[in-house]
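Structure record follows, encoded as C-alpha cells.
The letters A, B, C, D and E name the chains in turn, as written, and every chain counts its residues from 1.
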C-alpha cells in the first residue's frame, strides 16, 4: 500500500490528461508486437516504429497490438491519437497506480487490470498494471515490462487451438483477462502453502517471529484483495454491458472469469480468517508458556523458601537455643523439612500444577 | 480452504472449455445409471456405454441420468455434445473446485452444489461437488464418487411414494437438491455436539489444546459457510426464475429448500458467535489461573522473606551482639517472627487473596 | 442454538410434505378450542373431534380455532385438508424448528412466530413455535403446549373490549402477534435486570464466574435475536402486503407491531454492546489485580533480598573478617540495613507503587 | 438502555390504543399554551381547559399548541378526539419509550423525537420524548415536562424575527425539530470535552477507574446514537415526502436538519473510534507497568540471589573448609561478589532493561 | 473530531439562515480576486469592493470569483444576494464545520469540500473548508484563508495551458476540485512514510510511546476519512447529475476525480488495517518481553534457591551434625550443589528456555 502512494506527488498541480509516467523508472525500450488474424490467416510481427501499427486499425481481421513498457510517453501518445483514445485514458495507462476499472467510451472499452506475480528470490509479491483497449476489431494491451504471461495465448493463436481464431476482438480481450485471473490462483497457492507451513510451525514451535510473518501474510492478502476486489465490478460490468463491442456469445465467458474472481476473493477472505485464528492461537500459546514459567518458579520458590527459613532459624547464634543441644535435633529438623517439602509437592499435584 | 486451491494450477494457460479433471485423482470407472419414469411407468437400468442414454433425451417421460465419477473426460464430453451443453459448463463439471452456482442457459439450467459429509474415522469434513443439468424432461446429475445420498429418492421413485412420480423434471431436481441440503443438518448436528462437548470441557478442565480445537471448529464452519452461502442465491434464483423449465407449482418447493438454507446459515453464524465467546472464556480462565499462581508465590514469598531476613540477622557472627546473650532472646525472636507471619496472613485475608 | 439442530435428522430422506413432528416429544392430548364472533354474537367452545370445527369455515362471522399441541399429526392433517392448506405448510407447523416467516398463499396467509418465555425455576429462556393461518374469516393458531398468553385476548373478545369484535380476522391475527411481541419486552426486562446486577457486581467484586455469566447472557441474546430478527421481515411484509386478506385499516396496526419489533432489536443490540464493554472491564480488572499482586511481591522481595544478603555476608565464618570484631559493627550494619530499607520504600513511593 | 425497558411491562396484555402513560410518574399539572399567528397578527395565551384550544383548529392562521406533561391521559384523549388523531398515535405520545419515527396519516404528520439534555448536577444525560402533530395549519407539540428549549422560537415568533411568521405550519414544525437537533451539538461538546480530558489523564496518570469512565462514555454514546440514528430516516422521509402538508420551499430546510443529523452521527462514530483507541492505550499502559514491576523484581532478585548463595556457602559450619582460614579469603569473596554484581548489572544494561 | 464540535454552540437557538461565522476567529481582511476568460480573452484583477464583481454575472465569458476569508459576513451576504444564492447556502459557507456535500439548486450547484494540508512545524494535519458555487458561466470559490493551492490553475489559465480556456464554468469547477483531491495524495504520502518509519521502529525497538503514535496516526486517518468519504457521493452525484450546468463532455472528468477519491479511500482503509496489525505486533512483542524477563528471573531463582537452602542446612548450629565433621564434607556439598546447578541448567535447555 505504501509503495502505492509513493511518488504520486509528481503529478499534483498538472492539467488533467498530461501524460507523465508514474511508477518505477525504467530505461528499457518500449517493445511493440502485432498479431493480426482471422479464421484462416495469421500474421505476427515486431515493429520498430509505432506508425507501423496504424494501418491495422481499419483492417477487418482482428489485430492485437501488445506494448511492453509504458514509460515511453511518445509512443503512447501516438497510438492514442491514431486510435482516438481519450487523453484521460492515456493518462491512466502511463500512471501505473490505477485501481482496476472498466470504462465504456462507445468506440472502445478501456479496462485496467493488475497482474500479480511472485518474485521467489526476494520472496515478495509484485503487481504490474495491464491496460486493455478493446475496439471493434482490435485489442491494444499495455504492460509495464515484458512478461511471459500472454505466451500461451500467442501459441493458441498460432496453432489455432480452441475457438480463439474464430471469435472477435472481445473474445481476445476475454482471453487476456482470463490468463491474468488464472495467474491469481498460482499466487494463492503459494500463499496457501506458506500459511499451512506457518500453521504447522505454530503448533510445534511458536516464536515471536511468527507474529511478524502473520503480519506480512496479512499485508500480502490486503494487497491481493485490493487488486481483485474492484475486478468483480469490472467483470460483471463487461458481462452485463450493453455495448455493441461485446457479442452476446462472449458474455458467458466473461461470467466465467467473474466466477473465478469470486473464487479468488473467497480464498482471500478465508485466508484472512485463518490468519486471525492463528494470531489467537499464537497469543494463547505465549500466555500458556508464561504460565508454565510462572508455575516452575512458584513451585521451586514455594517449596524452598520456607525450608530455607527453617535452616535460617537454626543458623542463629543465640547462646540459649535448647534445640541446638538435642541429640536428634538436626535429624528432626531435616525430617520436618522433608515432610514440609513432600506436602508442598502433593499440594501442587492436587492443584494439577504438574 | 487450502486444499481448495491446491493443484488448481494445472489449468492455468489452457484455452477455456478444455476439459481437464481437477480434483482428487481417481481410477474407478465412471458409473452411469438411468431412471426413466412417469406416473404409470418406471424403468431403471445401469448402462455400460454412454451412448445408451442418448435415446432418452427425446422421450416424453422424465429421465434421470446419474453419473458417478467425473474424472472420465470422454464420457462427460459425449453426454455434453449429445445434450447440447455449453463447453464451459462441462469444464465446470469436471473441475470440482467450483463455487455453488446456478446458470440458466434457456434449454437447460445448470446448478453446482456441494455435498458435505463427515468422515468419522478421520474426524474430518469432506465435500464433494454435485452438478445438475435440468432440461425440460431430463435431469443429469454428476457426482465425484458413488454415494448413497440419493438412494432414498430412488426408493421413492420405485415405490411411487409422495408426489414425485406425478411431477416433472424440475421437481426431481428439487428433490435432489433438498436431499443435499437436508444432509447439512446432519453435519450441523455433529458439529453442534462437538461444540457442546468443548463447552463442557472448557468449564471443567481448560487446556491449551482447547484453542486448537476451537480453531479447527472455526475452520470447519468457514468451510461449511463457503458451501452454503452461495446456495442462497442459487435457490432464490430458482424460486424467482422466469424460465419455462421451472413450473409455477414447483417454486414453493424451492422456497422451502431456500428456507432450510437460511436455517443452516443461521446455525453456522450462531456457532461462530459461540466459538468466539468460548475463546474469551478460555483466555480469561488462563489469565485467572496465572493470577492464582502468582498469588500463591506472593503469599509464600511475602511471609517468609522478611522472617528469613530476621533469622539472617541473628546468624551474623559479630562479636558484640547483645541480643545473642539474652536468656529469652531466641524465644523472643521466634515470637516476633510468629507475630509477623500472622499479621501477614491476616493482611492477605483482608485483601481476599485466599 | 444447539438444541435447534438436535433431532432434525429424523426427517432427512423423507419426501417433502411428510408430516413428522419434530420437537420435544409430548404425550398430552391435542386441545382444540373454537371462538366464533362478530359484533353482536359470541360463541366459545372446546371441541373433542377435529371435525366439529369444519362447519365454521364458511360462516360469515370470524372464527378463531386454537390448537394446543402439534404432535398429533392426524388432527393437523385433517384440518389442513379441510381448510385447503398446502402440505409444506402443515410440515412447517409440525416441525417446530422453523424460523419466523410469512408466506402468502392467496387464500390464506401463513405466519410462523416464536413465543419466548422465561422459566424462573430453571433460570432459562425457552421458545415455543406459534403458527397462524389467517383466512378471509378465520384464524387457526397452533401452539406446542397449552399456554396462557392468549387469555387476555379471549377476555377482550368475551367482554367486547376495544375494537376487536368490530374488526375482521386480520385484526385478530394482528392481536395474537401483538401479544407475542409484547411478551418479548417482559423477557428483555428480565435480561436487563440481570445485566444491571452483573454490572454492579463487576464493580464491587469481579469473579471468574462473571465471564461465564456474560457468556450465558450473550447466548440468551443470540437466541432472542434469532427469534426477533426475521420477525421484522414478517411484519413489514404484512404491512406492505397487497393481499386482499389484510384490510387497509389494519395495516397501521401491523406497522405498530413492526415498530415494537424494532424496539426489541434495538434493546438486544444495545445489551450486546453493554456485555462486550463489561467483558473489557472484567479483563482489565483482572489484569489490574495481577498488577497489584506483583507489586506486593516486588516491594517485599526488593526490600528484603538485599538486606538478607548483607546479613548473609556477616554470617560467613571467615577467620579474618575485621568488621566482626568492631565494637559498633553490629549496630552499624543494622543502621545501614535500615537506611537501605527506607530508601527502597521511598523509591517505591516516588514510583507511586503504593 | 436498561431504563428504556423498565416498566414497559405495564402495558402487556392491554388492547392496542389503550392510553396508559409509560414513563417516570409525575404529578405536575399539564400545561397548555397556544400561539396563534400569521404575518400580521400574533396571539399568545395559556389555557386552563383543553377545550379552549379547539376553535383554533379551523382558523386560517397558524396555531401552535404546546402541551407540557403527557401523563394526564384525559387531556391527550380530548385533543386527540377533536383533532382527529388515530388512537395508536395517542398511545405513542403517552408511552414515552418510543423510537424516533415519522408517520404520515394524510391529514397530519406525526413525528416522535428525543430531546437530550445534560444534567450537570448528577453528571448524567437524560432524554425526553417530544411528539409533534403537524396539520395543514396547526402544530401540536407534546413534551414530558416544561422545558426552555422552545423559548427562543417563541421569541422569534413574538418579534417576527427571520421568516418564521411568513411561513406555514410545516416551517414551524421544522423550527421545532431544528432546535432539538441543534441541542445535540451542545451534548456532543460536553462529551467531547470529557473525552479530551480523559485522553490527557490517560497519558499522565492512567488508573483502573479510567476503564469504567470509558465504559460510561461508551454507554452515553450508545444512548445518543440510539436517539439520533432513526432521526435520519425521519428527516429524509420529511424531505422526500410527497405529502401536501410539506411545502416544496420547506424541504430544503428539512434537508438542512438532515445534514446536521449526519454531522451528529459522524461525531458519535468518531467518538466511539476514539474511545476504542483509548482502551487499547490503557491496556497497553497497564501491561507496560506490569513489565516495569517485573523488571525491578527480576533485576534485584537476579543480582542478590547468587550473592546470597555465596554468602551462604561460607556461612556453613564444616570443620574443614580451607578458604575460611585464608588471610584474604573474606576480601576475595567480597571482591568476587562485587564482580558478579557488576557483570549482572552490565548484562541488564545491555538488554536495555534500565 | 473534537475541534469539529467546539464552539458549534454559538449558533444554537438562532433562526436558520442567520449568517454567523463558525470557525477559528480571524482578523485578516477578505480578499477578492476575479479571473474572467474565454478562449481568446483573459482578465485578472483583485477587487476592493464586493460590488465590483457584480457586472461579471451576466457576461458570456467564464468568471471565477475567488474569496479568501469567510469571516466577513457582509461580503458573503452581498455576493449571495446579487448571485441569487439561498440563505441556507450562505450559512453553510460561513459555518466552516460542514461535511462535504453537493446540492443542486437548479440555477447553481453548491459544493462543499475539505482541503487538507500538513503543517510540518506543528506536525499536525489541518483542514480548511472550500465552498464552490457553480453557475452557468461563473464559479465562486470561498476559502477560509489565502492559500496557494489554486496557483497552478491560475497559471494554466494565464498561459492557456491544456484545454481549460476552451471549456466552461463546469470544467473550471472540476479543475478546482481535482487540485484539492490531488492534494490528499501528498498527505497520504506523508502519513505513509510515518507509518513505514513506525513499522521499522516497531521491529527494532518497540517502546510504550509507539501505541500513542499508532493512536495518533489512527486519529489522523479518521480525520482524513471523514473528509474524503462524503466526497464520493459528491463526485458521483456530479458525474450522474442531470443538471444543465454540467456538460456531458465534463462528466468523464468528474468520473476521473471520483476514481482518485476511491484510491484515497482505499489507501486510508489499507493504512488502518496496517495500523491494527502493528498494534497486534506491539502487544505481542510486549508480552514476549515480559516472558523473557520472567524466564531470566525463574532460571536464576530456580537454580540458586535450592542451593542456598543446602548452604542454609549446613549453616545450622546443631551440636550434633555428623557431616560437619567429615573430612571431605565441604567438598562433597559443593560438588552436590554443582551437580544440582548443572542439571537445572540442562532442564531449562531441554525446555528451550535459553
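Everything that follows uses one rule, which is that contacts are C-beta pairs under 8 Å (C-beta built on N, C-alpha and C of every residue); 3 or more make two chains touch, one makes a residue touch a chain.
Only a predicted model underlies this, so the values are computations on that prediction, with no experimental measurement involved.
**Q** If you check the contacts of chain D and chain E, which chains show up for both?
**A** Of all the chains present, none is in contact with both chain D and chain E.
**Q** Same residues or different residues where chain A meets chain B? The copies count as same if more than half of the interface numbers are shared.
**A** Both copies, chain A as well as chain B, present different residues to each other, with under half of the numbers appearing on both sides.
**Q** With centres defined as the mean C-alpha position, give me the chain C-chain D separation in Å.
**A** Measuring from centre to centre gives 26 Å for this pair.
**Q** Distance-wise, how many Å sit between the C-alpha centres of chain A and chain D, to the nearest whole number?
**A** Computed from C-alpha means, the inter-chain centre distance equals 42 Å.
**Q** From the C-alpha centre of chain B to that of chain D, how far is it in Å?
**A** 42
**Q** Spell out, as numbers or ranges, the residues of chain A touching 2 or more other chains.
**A** Within chain A, the residues that touch at least two other chains are 287, 290, 294, 297, 301, 305, 308, 312, 315-317, 321.
**Q** Among line, ring, star, complete and other, which best matches the way these chains touch?
**A** Ring.
**Q** Head round the ring from chain D, going the chain E way, and note every chain as it comes up.
**A** Loop order (chain D start, chain E next): D, E, A, B, C.
**Q** Can you name the residues of chain B that touch chain A in the complex?
**A** The touching residues are 1-2, 4-6, 8-9, 11-18, 86, 88, 97-99, 101, 103, 208, 211-212, 215, 218-219, 222, 226, 279, 282-283, 286-287, 289-290, 293-294, 296-297, 300-301, 304-305, 307-308, 311-312, 314-317, 321, 323-330, 333-334.
**Q** Going by the contact rule at the top, pick out the chain D residues touching chain E in the complex.
**A** Interface residues on chain D, with respect to chain E: 152, 156, 161-164, 175, 178-179, 182-183, 185-186, 188-189, 192-193, 195-196, 203, 252-253, 255-256, 259, 262-263, 266-267, 270-271, 273-274, 277-278, 280-281, 284-285, 287-288, 290-291, 294-295, 297-298, 301-302, 305-306, 308-309, 312-313, 315-321, 353.
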